[in-house]
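Shared between the two complexes below is chain A, which has chain B as its partner in the first and chain C in the second.
This part shows the complex of A and B:
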């Protein structure tokens, strides 16, 4: 199909190669994966222990373990990508003016990148094991105030 | 019974905004909305413009919004609507006059999916045979009459306008799932574009609107699946 487009957006719309199929697959896969990740998170932090007993020591104890770091980081990244792609669908569908759509997308994507970067830094760039004092219990056994 | 027929009319000659015009029509419960439109046009107001051809739910000319729902005027009975009936042109297309909309975009989307058998192999001496099971695979999508009720019920089509639309995808499905057809790659140019099947958000409006009972949303999902399996 020959591309006869006046604007970049038209050319993009008419191009037969795009990532829409891959995004469609990603939405399904990430959705299913996140159901299990988040259910596991809820089970570990709300069901198996009393959420009121969670303090910084408990969180630092968990996050000094690489497995839980990767676990939490996966939730962060998948949720951001899944949510932002959903928002991209909404913006593509409902903001008709190309310049307004561009500006809105620029703002939303910048915020998304910011949140992901800050989240990743606080998860991965900090040594939580340093914050663990030897005397304080790490497993949700703190007495209620 | 006396029926109040409200029609959303627009006269491009006066370039006025569309406005409701109310007619009082004598009708039988088993009359169709098309009969009411005929009564208005033939006996009350000959300036009323609308499309109809066969009048029996086969040609797909008289799809319109009747009491807020996309239907064929020739298949909708007065007894199912009550005594106040509102008729509007299909949404999402430019209105030419009254209930007549411009379907150019609709048919260019239709042509973009190459709605005909594509098979480069030399034909056999007799016809290309197909088993009843293979024929049944795409049976529902053969029922489409191109009335545009599905496409104009789609919220993505309303706001976006460049979405290829359910009707064109149903037509593509009719050939993609035909065992004799080899034209998936040719059709992919339109279907896999960012204005193609991936724009469908499964609102299910199209399935509800189809006067032929085609499971349109399911059909669209099957076309997505065909593109997916072609890629992986």
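This part shows the complex of A and C:
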């Protein structure tokens, strides 16, 4: 059961398990971190530049930069955990039938894992600099096969 | 929920904006991750999302991010300070005010671009 308390002391008293209290704390800590990460991300990629100019070249350039790889992956993981836990509260509230709730949660959590894995691969396991180097002058100095 | 009408609205908007942001996280992650399949796939998908209707959606999701951020900070103040609950209503108007304050320069910057893209058929 989700915690309804408005204070840490109340939350501690209301928490059914230690895990539930941990989630309550996580929501607040990850929330504060994401205020800066996400609003900064929106500022950099939507407000300060024209979103219509974003194309493959722009994405590949950003995803070749270690700073943005870590920055974006941090958002992905924190937002996914924060969002899925929020959705868990919503599902506990809105889906009354236990068997339907179980099935819904199973589907939703599986999708979340899938999206996190795909997103993590694109951020951490794919070499975008390879594609970018085709347009850099250094390519010309290399011997062609 | 908390006493009073504003508290109910604060809670409802927090929940709806949270759900919208989660949906956005899924779509946005898959859209950006499509770059793994190269420019042909990724540029096509991004051109699809550059249609004006999605850019209005982008404005709404930005509004959701601002509201969820600032109202989240309001919740934290209510949780961890002695005065937060007492001033929850004033804090909520502060949240809305801050959203409007930041939305003004944001809209001035982004809306002309969206209109420009719309008049040029959208996309790249």
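As a working rule, the second predicted complex is superposed on the first by the 114 of 145 C-alpha atoms of A that agree within 3 Å, B and C clash if a C-alpha of one lies under 4 Å from a C-alpha of the other, contacts with A are read in each partner's own complex, and residues count from 1 in each chain.
Simple rule for what comes next: a residue touches a chain if its C-beta (ideal position, glycine included) is under 8 Å from a C-beta of that chain, and two chains touch if they have at least 3 such contacts.
A quick note: this is a predicted structure, and the numbers were derived from the prediction, not measured.
Enquirer: Is A:39 touching anything from chain B or chain C once the two structures are fitted on A? First, second, both or neither.
Expert: The second partner, chain C, only.
Enquirer: So, A:96: does it touch chain B (first), chain C (second), both, or neither?
Expert: A:96: touches chain B, not chain C.
Enquirer: Is A:18 contacted by the first partner chain B, the second partner chain C, both or neither?
Expert: first
Enquirer: Which of the two partners, first being chain B and second being chain C, lies in contact with A:126: first, second, both, or neither?
Expert: Only chain C; A:126 stays clear of chain B.
Enquirer: Among the partners chain B and chain C, which is in contact with a greater number of residues of chain A?
Expert: Answer, by number of touched residues of chain A: C.
Enquirer: Give every residue of chain A touching chain B within the complex, in rising order.
Expert: Contact set of chain A toward chain B: 1, 12-16, 18, 20-21, 23-25, 89, 92-94, 96.
Enquirer: Would you mind writing out the residues of chain B in touch with chain A in their complex?
Expert: It is residues 112, 155-156, 159-162, 188-190, 192-196, 198-199, 201, 224, 227-228, 231 of chain B that touch chain A.
Enquirer: Quick one: in the complex, what on chain A touches chain C?
Expert: 5-8, 11, 28, 31-32, 34-35, 38-39, 42, 46-48, 50-52, 54-57, 59-60, 63, 76, 79-80, 83-84, 86-87, 90, 111, 115-116, 118-119, 121-122, 126, 128, 131
Enquirer: Once bound in the complex, which stretches of chain C touch chain A?
Expert: Of all residues in chain C, those touching chain A are 2, 15, 18-19, 21-22, 25-26, 29-30, 32-33, 35-36, 38-39, 42-43, 46, 50, 55, 58, 62, 65-66, 69-70, 72-73, 75-76, 78-80, 84-85, 106, 109-110, 113, 116-117, 122-124.
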